[in-house]
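Next up is a structure, given as structure tokens.
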Amino acid sequence: MKVKVQLFAAAKELARTDRIDVELPEGATVSVLSETIGRQCPELHELLPVSRIAVNQEFALSDLQVHDADEIALIPPVSGG
Amino acid sequence: MKVKVQLFAAAKELARTDRIDVELPEGATVSVLSETIGRQCPELHELLPVSRIAVNQEFALSDLQVHDADEIALIPPVSGG
Amino acid sequence: MSKIQLISDTIDEAALVEAVRTPVAGAIATFAGAVRDNNKGRAVLYLEYEAYDPMAHKVLERIAKEARERFEIEDIAIAHRTGRMEISEDSVFIAVSSVHRPAAFDACRYAIDEIKREVPIWKKEYFEGGEVWIEGPGDCEHSHGE
Amino acid sequence: MSKIQLISDTIDEAALVEAVRTPVAGAIATFAGAVRDNNKGRAVLYLEYEAYDPMAHKVLERIAKEARERFEIEDIAIAHRTGRMEISEDSVFIAVSSVHRPAAFDACRYAIDEIKREVPIWKKEYFEGGEVWIEGPGDCEHSHGE
């Protein structure tokens, strides 16, 4: 299946795009997604370990399964406030 | 010597005046002043033990000597804020 | 504008916030004390604040100075009203600026605690059926008649 | 007026304070986070805030809800700006009302701490000689080029 991953801030600048499409096996988890992003976008390599993944606008645990209709985003360390 | 003592809030209402004149021996301390006020104004009897005395706009310790030119005030428990 | 105010008018809170704002300050904490519509089960109608004015002003100055010494703050402003105050009106307002936020919070809290303990200001509560001088912060309330 | 705002305009702080004011509330604490003119020794020119808007709004709502559950408060309002912000402008504002003051202070502090930890908003600092994405609150700042 193919999932869309939104990118923000530093991640968006490093990948030079605000969205990447990632090909995943059915039933893939958030941690598999994260590894796959890393292989597909080596420029995100440094940022991935300190980032979180949001699924449907909530921070996801690494063993959550993702689905192709999910709204997925890569969340670099936040700095609001 | 004679000192003037300003009264506020509950003390003013109980004594029905905003100032009392108190006759004191030379070199009298704040604690002597307080006892003298209590004898002179029995209606302040209940309030005095929980009140403080200010001399020249600062809270005074009980052994401070008062002088007739001092600005003296009886400060019931405060409730500002 | 003076950063220590003892006034009978409404407090200009926005002006006090701007008065403490500086380019290095990343945090501004404020505290407002408002008149509650009830106290100890009594329906409060309004409050009257009386102050020993010159000393109250002096003690407010001292509290601001102590806050500057104790906490890493940039600036502090304190305003306290006197006279009659209606429900929900602010009787006291504190604004503190600091580079980082913990100091602003800590100094703000310190200032209101000290104000309630040290400043010669007294409030009389007018409630349904009577009036009473409030004695705080211990709230050891005597009945002073009327 | 919504008590949770994610906006590009200036925050109407007075309106948010009035939005949380209630007749039983004796205390209103606020916190404003302002843009500092320097950071880590760099002279800051301005900041740009980017947000993952729908999620940021949702997380702000969650923080307000948690503050209501954890502390004895009457009400809470939170506003966060996005886009470009100049020195001394407020990027975030929190207002909390409560019957007694400790809860207002505690909830205000809780809210800003959580905002800095959880809300998907990022600031880019434009300073003399460059720009950098700030990674907080640990501030483990990587150099993300440009």
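Labels for the chains are A, B, C and D, by order of writing; each one numbers its residues from 1.
Quick note on the criterion: contacts are C-beta pairs under 8 Å (C-beta built on N, C-alpha and C of every residue); 3 or more make two chains touch, one makes a residue touch a chain.
Bear in mind that the values here come from a model prediction, so they are computed numbers and not experimental data.
The minimum number of touch steps linking subunit B to subunit D comes to 2.
Common neighbours of subunit A and subunit C, listed by label, are D. Centre-to-centre spacing of subunit A and subunit D amounts to 25 Å, using the average Cα coordinate of each chain. Annotation: 73 Å between the Cα-based centres of subunit A and subunit B.
Among all residues of subunit A, none touch two or more other chains.
For subunit C, residues that reach two or more other chains under the stated contact definition are 33, 112. Of all residues in subunit D, only 33, 49-52, 54-56, 58, 80, 91-92, 112, 115-124, 133-138, 140, 142, 144-146 touch subunit A in the complex they form. Of all the residues in subunit C, the ones that touch subunit D in their complex are 13-14, 17, 21-38, 87-88, 90, 99, 101, 104-105, 108-109, 112. Those residues of subunit B that touch subunit C in the complex are listed here as 6, 8-10, 13-14, 46-47, 50, 54, 57-59, 73, 75-81.
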